[in-house]
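By letter and in written order, the chains are A, B, C and D; residue numbering begins at 1 in each of them.
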């Protein structure tokens, strides 16, 4: 069963709900090593993306346009660091599934991997620099590694989710080389990166979405 | 035994110590119905008066000059409402004992009564308007009433002290007609007037001084 | 728990502040020799001009000393925190700015200030310096409309001093300057709301108590209680409550012009002031009134108190001209 | 416990603030049609002049929008609280002020701002609008001296924007305006200290934790941690600590001139700023440096955060001329 525009609308709605539930927690994480607004930024961005996507006519809109709409809405609602990072993620996802009227499992996986690419392209961060890349990169790698003929779609994303969580946890012991926290040297050690934490939430929502589809 | 300039220097020092001990309490009283600075004002004023008076050469300075020095020092250290009120009190006390090289009990009592007069003259407040006059007026009256041939000096001031305390307590049930609290109508009921409270402290110091002298 | 402050000894705060003011603004201000609390405008006081002396307690900065300069006040006498200055610096100010045609005293209507300024005026009379006094009484929350002369002077000071200072700078006669000052005061209306207290440098303790979700409507700028305490409401509801009172007092007609001041009591940030300003504009639009000029920011504060006040000055042609008159002060330029 | 604020819905705070700003200052500012977060100077942008676009997160008022006006910035793109604006308002600003000779972007060096402004610049290039960017990096506490380009931009923005705005107003060429802006940034040094946090309107919760008797040296203007946390010291000791760092960085010689800014992070009142200013002056005197001009007040804030920063701009003839050049902004006049 292919993934339709309607399904993507649901996915964006789910992400928004899951982020909202953790909004204040994400702000607290950002308060420790940043400026305390990451939960607000992610909430505003995901909410705007979900609304803009929901407003599309599902029968007339191909998946690529869903991603592009989400990108624009997220960007304009947020600014901040997360704005361009997630906007680029969604634009790259859109580009990865250009011209597809619906998405196969393979299409969706490529879109997922393209998000990680987009974030790295925009932010120039490498793994180990205590950013959301530390959740996105291993998650994308895990999903791509697991994806082979016969593998179940949702298993790939379960592995991605687990990798994201591990990656997020690992930021606790890192010093930061990108973003606000990069000026704090050793003082950030012991604190999780808020962007990695929100990435783990988004990826968990996607895994839930994948499970729901398969199950 | 007459009251000398040296004695008055001690008196002003005692007042300063007693007021300092209640500084924060007086601020709290003023916080409830005024601007919260009465303890600071009285402390600054009494401290300045005590210091200026202590700096006088006791062998060269008559009592009237002690009071005038205290007045000037208090006024310039304080401003506020208490400044002109106590400065005028001390000036009137000084005027009451003009030309006296030392003070008899009677002189001192007249000086005391003149202080109450000075406060009323400057502030135009009558008893019952929830001001320091509610302590000073009954205290002066009590001392003057008790003062008669044969009465002990310190008994007069014990009565004055008691009258001041009662007068101060009585301000609790008054609305205010003078000073900052006068705009607050019924809301000041239940609160003691800070100026009456500090007056009771000053008058108690004077009573202690009288007792010390007699005893 | 003590309030954290960037000060040295609390008792030195006012004098050290004044030293900092003179260090920062030597081209605008100086202090009278051996009278550090008499702050005089370098430019402004002159022969034939009514001298304008303002003053009051510290802790309201930029009121009062920030409004000393060409086109506004000629001098400010500075008291301790929230306490009137004593007569000496007031007298020093008057003598420094006397231009031979009289000196106008203007300050908020508080018992302490009245007694100290009056004592100074009495002594100046002995030196043949003619002094007249105009008290500011713009705080509508502090007494009913039929007892205007019992009201406190608060943030409206800025407009009232500005108008009077312009009148003096335009070489109005003593009579006319006094009249203009009274006229400015009579047409200026302020009301404020406080959310949290401030602390005096000497005590570092909150100067009043207020609940975690409460506000005090009509709070004075020294933390004196206001007219009512209640749960904190939204900016629009609070602004409406203040504007209802101000508009009722002002009795303006459609088409009339006003000057608006939305003032922070200290720690309320500009973001909140402008959110209130938006509603002020809506209410004035609704009443058909025209905003001629607006000030939004920290103009008359109570140290770090949280809260805000709204001032409306009901302009006429004269007041508009006086408000528009240029001025150049250390902390205020038009 | 929630911070008390005079706001309506937290999510509306920025837009409502901007409506208030336009209500208060229609003679200075307008917003681009259907782009309320692109705030443009009524007077200033013109043919043949390099357009200066500044911007960044809200919550620092009067930075950024208060510095839009003749002689200073031509436009400000406004983000959410402590968040870069997205590319759309930035592009709208650039298009509104483009005078055909190039547009200069100036803003604090933060990852989010860089990404958003760069995205805008890339898209403007498609429309043949030439954009160059000068990041402000005055916060000496945010990276060592040999890594100046990693530093944050903080209150020094005021002087840096002022100098760049004057250069543009004087019709410097694009190359020259960019050079002057870089030059201004290179000679501007800021360091701050925070005493207590602020709260975002959407959360009403303190954005960082700090002990009752602690201060954080080098705190960023968004509450980012600084270089060290320790017990609160006196104003003189704190000022000395900041000045030691600034003077060490500045490498000035006796007789050199500086511009000084003693800035409140929000709720620290003017009294404390001037007490610090007094010590700044003593230290500059000691180093044989001359204060050419000083600003003391709320110039670059973090909502109601308590704390202060000191900025020194090491003047030369050109910077002095640019700092002295007149400007007329809604919240800043020279």
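Quick notes
Basically, contacts are C-beta pairs under 8 Å (C-beta built on N, C-alpha and C of every residue); 3 or more make two chains touch, one makes a residue touch a chain.
Just so you know, these numbers come straight off a predicted model, no measurement behind them.
Path length between subunit A and subunit B in the chain contact graph, taken as the least number of steps between touching chains: 3. Steps from subunit C to subunit D, minimised over paths through touching chains, total 1. When you average the Cα atoms of each chain and compare centres, the chain farthest from subunit D turns out to be B. Separating the CA-averaged centres of subunit B and subunit C is a span of 32 Å.
Subunit B and subunit D have CA centres that are 54 Å apart.
Contact with two or more other chains is made by residues 81 of subunit D. Across the whole structure, chains are in contact as follows: A-D, B-C, C-D. Taken in their complex, subunit D has these residues touching subunit A: 11, 57, 79-88, 110-112, 115-116, 119, 142-143, 150-152, 200, 202-203, 205-209, 220, 222-225. Note for the complex: subunit C touches subunit D at residues 1-2, 4-8, 13-14, 16-21, 23-25, 58-59, 61-62, 66, 81, 193, 195-196, 198, 201, 212-213, 215, 232, 234-236, 238, 260, 262, 266-281, 291, 294, 296-298, 301, 303-304, 306-308, 331, 333-334.
Taken together, the subunit A residues at the contact with subunit D in this complex read 24, 27, 31-37, 39-41, 44, 75-85, 122-123, 178-184, 187.
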